[in-house]
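First comes the structure, then the notes that go with it.
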């Protein structure tokens, strides 16, 4: 049963991209456990504003686990200590009375901090721009049922496509690699007949962009999949590897 | 060159060299079993294999390839680690919790690799230096005949307290090797793209089996000589 | 002989002359006739204008039969040739389904596109949160679907308050959307045979909803985002993330007519105010549901773009039409930041009920018993009782009002008394837990994560919440607002949904506007702009617009009062919910206007915004949005007060049948209420676009039998 708890929140404060950051600890009393984690941060910010202090900057939008905007490293886990959820779906009942909760931004060279807990994830957009699409223009496409797609393939493509681009994979990876993100998109499109025509080109272009942007090399530790709020599987990375190596041998 | 300039290319080099080394270890471990068989049944199979692999041209080429694989595997490991540390950024996480389903070994491959490499050097000094190297160069550094490998090995591990220390050192090495391979083997298969929803679980099992088999072959020999040594010391 | 010949010749000549004269007179008469007609029409238009009436001609609705209108339009519209397209810049504000698809398609056609979004990536727009699906008249299920049927269901679902021509066009292009999305690699659900699967949704008798797990909105948006990304990569779209439009820049053309020529936007990271030029401006900024503070909308969804258009003379149409979704997770505390929607699909198998006995309800409210403790005979399945024909699958507005009615009567089932049960126990008995888990497992899991109660064992608790706004900026058939060069698409316009939107139709409309309508119709406008050279943003008009924005920000920053932005927004939300919510009366609406006026005063004198304006400042962003929400709230109340009838999402308690059903007044209110801005704190003027149903007969919606 949800009740009220007193907590301490140890938050990373950083004024700007180049500023030196530090931790600051705030006490928060009488927090309802039915509140979501971001609502707790809202309450903390209201408290800070009432004390005429600068509220904590953090990214958030849909608050129902689908937009991929929220991005906090809570007690050593991206999106906090619960499985298959984003930070906005994390609830205070996961914490106990008197606990000190440490909140940090994503830390990865390709995700520079903008302010406090807010990071710049445009690198993911750039990877998408390099090849995360099927080259079709609007109009002049065949009927939707013209090419049947076996259900298992459609389902697997859907599983890959469920990636919300939040960045938890790269944030959790000890190598700062974005392989799971890249693999999810490559896998989705390369599985489907519509995307097969550009299969090799896509794998090469997206991987090259990822390397170029300063992400690390995947060593298959699996932290990405373990922390992925949408439980995207490591097998997609294998498919990316396969398609990439295949593409290089075809060159 | 994509094997150097792309992250998957670099990882592919790691997996291919790694796989090659595992295959070599499997062969080496199998060959080592002959030591035990020879010792029990009085045969000379081990020395026969040694003579096959002595100073022959194909053995030399093989040795050079293995050496190259080790060097490349290690050099790439260093490069990858440096790149990956850089990709992590300057600020480290203050709190890092254990992630469900993430092996300890997978996060410590370089450390494990260095331990393994350290023992390879020791191993080369202990045996290869006295055997193939001595044969090739004619420089004899020990009192044993370079063609009598079986005696060289037995002498080291059954040398009283010194033998026990060596046995224990080799056991530490084998443990490190097991952890290294427990992640390395399936990871190599994954990097080569040999995985899918069905096979992900299977290649993980294959990885554990191969790691255990490889280490087991070596371990049997060490444990046998440890037993022999202790028996001799007690007697 | 000669004489005769001469005479004959002369006679012939005379005859010829007479003929010519007659011809000339005939021609003149024709001319006069035409002129009279023209004058007549001009007079009609002028009278209409004077009487504040928008005629079909003014709305640019093409002539002809319903099913020919869009084809006719496309056949005769003006186009821009490829060389000229390169010389034209189009600003698109927003990257949701409508914005992203429009930006991508315009860029594919060859225009230079500047695209803006307030999130850190275009992929995060709130379209992403749509769960259920997207409608199309493919008739893949062979269950009798057709373009006309989709049109009819949509018009009927909207309670006959939408424009016939627009809705028909929407139904027509719906099929193209599915083809397009599949070609982009959107992983729609499929049957074992490899063909596309469909499910059914409220308000229709056919299965026409395409879906991708419970993430249809996300997958469709990612499709549009991938097309957009491709154009960004090619350099045809210049993307501005974390930029918020704060004003539209109007520049007079050589005839003295004002045209939208650019925008002023704030870089949300640096706080810098920036200027951008475009030959046309397309706004796709979504709905204004967050006026209620608590809604299913994302935190950053706002109505400021709409208000900027409104202040420049674009009419705000039907602001009072807001959809309240019946199946949301109830509010659990004052700190609550948003409400979570549970998919409408749950109503396929779940049964909605409250206790029959008031004392049971009281016990539930005190937490002494749980839903499962109440025996079957003491449960009131009120939807099945009131609407035997449709039961739990009545449209959203009907289901929401019925829940409110029961809770108002004291039968609410949670501690606040504002919840009803959605029960799966019967479905679990009938189908088995596994089947139920397979169908709804992810939704059940989501519910359990939020509420911490197992919905397999105890019935779920749900309550209605603000979900979508059918009202928005008025647009003509070309999706152009009443301001030249300013276009509005997606949920932001007053759209094709009339007074109520059917499930799975929002995605359809957003993508229809963006992929298949606007990229055509905007060319009819841009074809006349090819001679207009790119303008410098140093022009005085840009200067003045930027200064006005800066002044407004300075004014807000200077207040330094005592109240946080959120505390005032929450107060506005309560006013809206209590007085402009599900059941409205003339009295409550007048009270709302009064209260909002007072709150507006409080806001402008007592809000506190920390930090500086020239840096990242989330509180300032929220304050700027709240300033506009206060205006929208008032406009909603004014419009609701004017509309003395009940239709769709708008329910005036004075206008209901004896059984408590909505009572439309077709003779008086069959029009689009367009509000024209007259100045700060001045009452807006009402302009009417009559909805004369030429092709469809209006009926009273009946879900009882």
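Per-chain residue numbering starts at 1, and chain names A, B and C are given in the order in which the chains are listed.
The working rule: contacts are C-beta pairs under 8 Å (C-beta built on N, C-alpha and C of every residue); 3 or more make two chains touch, one makes a residue touch a chain.
Model, not experiment: these values are computed from the prediction.
Enquirer: Using mean Cα positions, find the chain sitting nearest the overall protein centre.
Expert: A
Enquirer: Would you mind checking which pair of chains has the most C-beta pairs in contact?
Expert: A-C
Enquirer: Please identify the chain with the largest separation between its CA centroid and the CA centroid of chain A.
Expert: B
Enquirer: Roughly how many whole angstrom separate the Cα centroids of chain B and chain C?
Expert: The separation of the two C-alpha centroids amounts to 66 Å.
Enquirer: Can you work out the whole-Å distance between the CA centroids of chain A and chain B?
Expert: 38
Enquirer: Just curious, how far off is chain C from chain A if you go by their C-alpha centres, in Å?
Expert: Distance between chain centres: 30 Å.
Enquirer: Could you list which residues of chain C touch at least two other chains?
Expert: none
Enquirer: Note the residues in chain B that touch 2 or more other chains, in rising order.
Expert: Not one residue in chain B touches at least two other chains.
Enquirer: So which stretches of chain A touch two or more other chains?
Expert: none
Enquirer: Going by the contact rule set out above, which residues of chain B touch chain A in the complex?
Expert: It is residues 2, 5-12, 80, 83-84, 86-97, 99-103, 106-107, 109, 183, 186-187, 190-197, 199-200 of chain B that touch chain A.
Enquirer: For the complex, give me every residue of chain C touching chain A.
Expert: Contacts found on chain C: 101, 104-105, 108, 119-124, 126, 128-129, 138, 140, 176, 178-196, 212-213, 215, 217-219, 222, 225-227, 229-230, 232-233, 239, 241, 269, 296, 298-300, 332-333, 335-338, 340-341, 446, 449-452, 515-516, 519, 564, 566-567, 608, 610-611, 615-616, 618-619.
Enquirer: Residue numbers of chain A touching chain C in their complex, please.
Expert: Contacts found on chain A: 2, 16, 32, 34-36, 38-39, 42-43, 46, 49-50, 52-55, 57, 59-69, 82, 85, 89, 91, 93, 114-115, 118, 120-122, 124-125, 128-130, 132-139, 141-145, 148-151, 154-155, 157-158, 161-162, 164-165, 188-189, 192, 194-195.
Enquirer: Taking the complex as given, what residues does chain A use to touch chain B?
Expert: Contacts found on chain A: 12, 21, 23, 73, 75-77, 81, 83, 102, 104, 107-111, 113, 156, 172, 174-177, 179, 207-208, 210-211, 214-223, 225-227, 233-235, 237-246, 248.
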